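Which chain is which? They are A, B and C, in the order written, and residues in each are numbered from 1.
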Amino acid sequence: MNDVSTYAEQLTDQDHLNLYRHLTVVRTFEEKIREYHHKKSPVTELPHLSTGQEAVSVGSCYGLRPDDVIIPSLRTRGAFLMRGVSPKVSMAGMFGKATGLTKGRNTSHHAGSMALNIVPGSGVVGSHLPLGAGVALAAKTLKKDFVTLVYFGDGASNRGDFHEALNFAAVLKLPVIFICENNQWALSNPVTQHMLIKNVAERAASYGMPGYTIDGNDVLEVYNCTMKAVEAARRGDGPSLIECKTYRWHAHSERDPRDMRTKEEIESWKQKCPIKRYEAFLIGKSVSQAVLAAIQADVAKEIDEAVVFSETSPYPQVDEMYKNVYFEGE
Amino acid sequence: MSQTTLKLEQLSLTMLEGTLVKWCKNQGEPVTEGDLLYEVETDKIVLGIESPVSGFLGEVFVAEGSRVPTGTELCIIDTDIESAQKKKSPAVAISDSPVTDLASREVAKPVADQSRKAIISPLARAVAKKHNLDFSRIQGTGIGGLIVKADVLRRIEEKANQPAAANFSTPAVDAEYTVIPFSNLRKSIARRLQASHLEVPKVTTFIDVNMTNVVGCRKLIPVSYNSFILKAAAEALSEYPLLNSRLGNEEVHVLKQINLSVAIEGEEGLITPVIGAANHKSVLDIDIAVKDYAERAKQKQLKLKDMQGGTFTVTNSGLFGSLLFIPLINYPQCAILGVGKISKEPIVVDDKIEIGYKMILCLSYDHRIVDGKYAVSFIKAIKDKLEQCNTIVFLTGSESQGRTYYQNRT
Amino acid sequence: MTFKEAVKEAILFEMRKDPTVILIGEDIGQYGGIFQITSGMLDEFGAGRVIDTPISELAIVGAGIGSALYGCKPIVEIMFADFLTIVMDQIVNNAAKMNYSYDENIRLPLVIRMAYGAGTRSGMHHCQNLEGWFADVPGLKVVIPSDAYTAKGLLAAAIRDPNPVLFFEHKLLYATRCETPEEDYTLPLGKARVVEEGTDLTIVSWGIMVRKARQAAIELKKQGISVEIIDLCSVVPFDKETIINSVKKTSRLLIVHEAHASGGFGGEISATVAEEAIGYLDAPIKRIGAPFIPVPFSPVLEDQYIPNEKDIVKGALEMLSVNTN
């Protein structure tokens, strides 16, 4: 693990176990969905799995306040779970059940919640970035000090929305942190082919904002860097771009006809598994295997319960789809 | 040429000339089939004459007040609307060579398709329906010839203002009354009956018929009684052909085919569809034909050809309970057979009184063509055939047909 | 007052009353806006609430949406309605569907104001009528005032409405005047106004075409034709009840808009009336709009392109079976 500075050092033992549990929840959730989708029956919401990228969402969300706002991308399952969407609600939403967020009106990975300060992402890659600037604009205008985190992938950083949003946020000095989950691949196009620069974070300089490239599989580094950026934004220093180098173990979606990546590449990244690395770190801090195993078992039980909940939950009534088109009332 | 020349029709057999009392349309005005076109006075009455075609009134040859012989050309109706409007007739000049110079070839402009369905606005349709108006022949003034409400209202007003076809005075009675306007059919019936009544010196003769055998035969072939009578009449006509004729100018035209006009009560009035060559048809055939006509009349699916060519009419009021009656001749036919009701009666058979079935037949005939003895012989022939109704030939139309018929039945 | 003044007044009223109302757009601050509608507002409200932006329509609209979600009431200015094409994704996929994508029923009090319309010799990219495009996007409201009176009332209502509203201002209406109340008032969104009563023909129109319809009505009155004119005010949702009630009375419907006759919003109105009131019609429903070509530049061409009073009169006479040759 890298040298961690102030923020990470202030984490307690309990924090560490919490972080471990969060990582395990995301991992177990994703793998359970994968297994269900291929072995039992296809999950209605086509899974876009984040297995391997858990450290980014867990590390970045851990230090946020409840009034901070996140805007996830299509693969940031962890952020939903971190912000308080329970695994069963998140999963039921994937099944299109009435017990998911939005009661079946939208998928689980594009759902929003005012209570949990999650703004819906869009099915159009990258379109949510200007929204992040907007939410941050509200904070600044109304003189509130909540921050906004916007997640996106390396592929999205080539969209016009990315450039306009970053420039806009920088010019107006908005309290928004752009977090790029650079998992080395857009759908079938590797970063080496879809851009000429080595690091997405280099683009931050074009807009006059700080850009950081970090090990996205080191949950403490992610936590640390995010907290730094968050505190800067809260202070009024404006936006940052954090690029987390990471990797997804599975294809873009669980229905991809092909995966262009080599077995070797996937294996080499599996060696850098964020959870394995964190386990090693915890064991180094004298956390026992038994404790870790207990957490794993507890998480497994929670995810199994989520499956049962999702299977047994009812589908929404038809009149549900007529709601929330307009806001009726004052 | 898309034009129709109208001539003064001979409306009665004695009509030699007529006075054109009034033109109901002006030159150049649009005319719809069925519109009153002119009024003509014959010896006895003034009749309103409807236009047989739609188009525009073109040249008029006879002025109001002129007295002209029948057959005189009265006017031209331009049925090609475009040419009427441009006041020129379309030329069809097709060159002989297969490769034609399109520019030099004048192609006939399409004649206004009178069978085309009328295009009417929804609102106008509702108004027409309310007034029970047949809008199919209204000229529309809306976009693309659309019939609009104003057009419908105009037609309703027009019809209300049309002059009476017959010119007799009604007594001036100061009383409240409901107006029931004549349908087109009613008008036509009224005209023909008027002419018949006035023109034909008719005599009616009656005869009673013992229908007991027919009743028995009917158990064998379940057809209506009327079909037996029709068949008997057709057979009798072939024996007494003078009654199957028409009066010419001091000559009789004896018609070769025996086509029976069968009176049927339609929804709007009496109609007489025709059974052609009835003498060659079996009772069964006749029965089927009559029932088919009745059904089609109900569905309003009778065609013009169904109604044409009748030479002798049979009309049955006995169905409704009439004992006997004096039928009016279906002008210009020579005679008409009226059928009274069949009732159970005491009859004399071999000097004994038995219960049987009796019916009275009524024959009205044109005395100019036929005298009493001939007419009575004819009606007696019908009586005999009905009373002897157990002949295979009579029932089935011919011997071979009869054999086949019975072979199929047994 | 003029239409322009009316728009400005509506904005000022809301800005002064409600500190969460903010303006976002290009050249709206120190410059005062290209039509000078927001002049003076930077001084009055400060850069925190009158935000000049880079040329970034995606960010502008996205920022409008985001800030509307979190407590602001942004009035976003898109310089020309033609630039809606750039921000279709933000409007159609984000703004219109935000509420639907939330667990809760949420407000999105966003107004997007735009200058639109032909007649200013500005060429094909600055003159289009695109309001009809949004007829098929659930979740938005589309409003088009026809004069100063409707501009002020409808804009005030739009700013207060908790749904995203597209507000179209015809450039050639800016300088026009009409009686406008001094005080603060709103006109209801989604309701049409019967601006003239009549018995022979219903004309439905919006934006700048309403005044042309009124001119045409004067001409038609000389020929004894009584025209009822409906100012639609809102294209989405549109007040079909008022239109159908009028058609029941007059039995003829003429729709006049500056957008292309083919494909413009008139088609939706025609189909709705045909579907629900065909029995009352005594003539086919007619639409008058621009020909199906881009807006041409040269004055002679552009003037031919835009439907005018004569076109309306001719169309009306045809519908009334009056020979127009």
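Simple rule for what comes next: a contact is a pair of C-beta atoms (placed from the backbone, for glycine too) under 8 Å apart; a residue touches a chain by one contact, two chains touch by 3 or more.
Just so it is clear, the model here is predicted, and its values are computed rather than measured.
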*Higher-contact pair (C-beta pairs counted), A-C versus B-C*: A-C
_Chain whose Cα centroid lies nearest the overall Cα centroid_ = C
*Between chain A and chain B, what's the gap in Å when you average each chain's C-alpha atoms?*
91
_Chain centre separation (chain A, chain C; CA means) in Å_ = 41
_Computed distance of Cα centres, chain C from chain B, in Å_ = 66
_Per the contact definition, I'd like the list of chain C residues that touch chain B in the complex._
251, 278-284, 318-319, 321
*Touching chain A in the complex: which residues of chain C?*
20, 22, 24, 48-49, 51, 53-54, 56-72, 89-90, 93-94, 98-108, 138-139, 141, 162-163
*chain C touches which residues of chain A in the complex?*
69, 101-103, 105-106, 110-115, 119-120, 122-124, 127-142, 144, 148, 160-161, 164-165, 167-168, 171-172, 323-330
*Give every residue of chain B touching chain C within the complex, in rising order.*
121-124, 126, 141-143, 146, 148-150
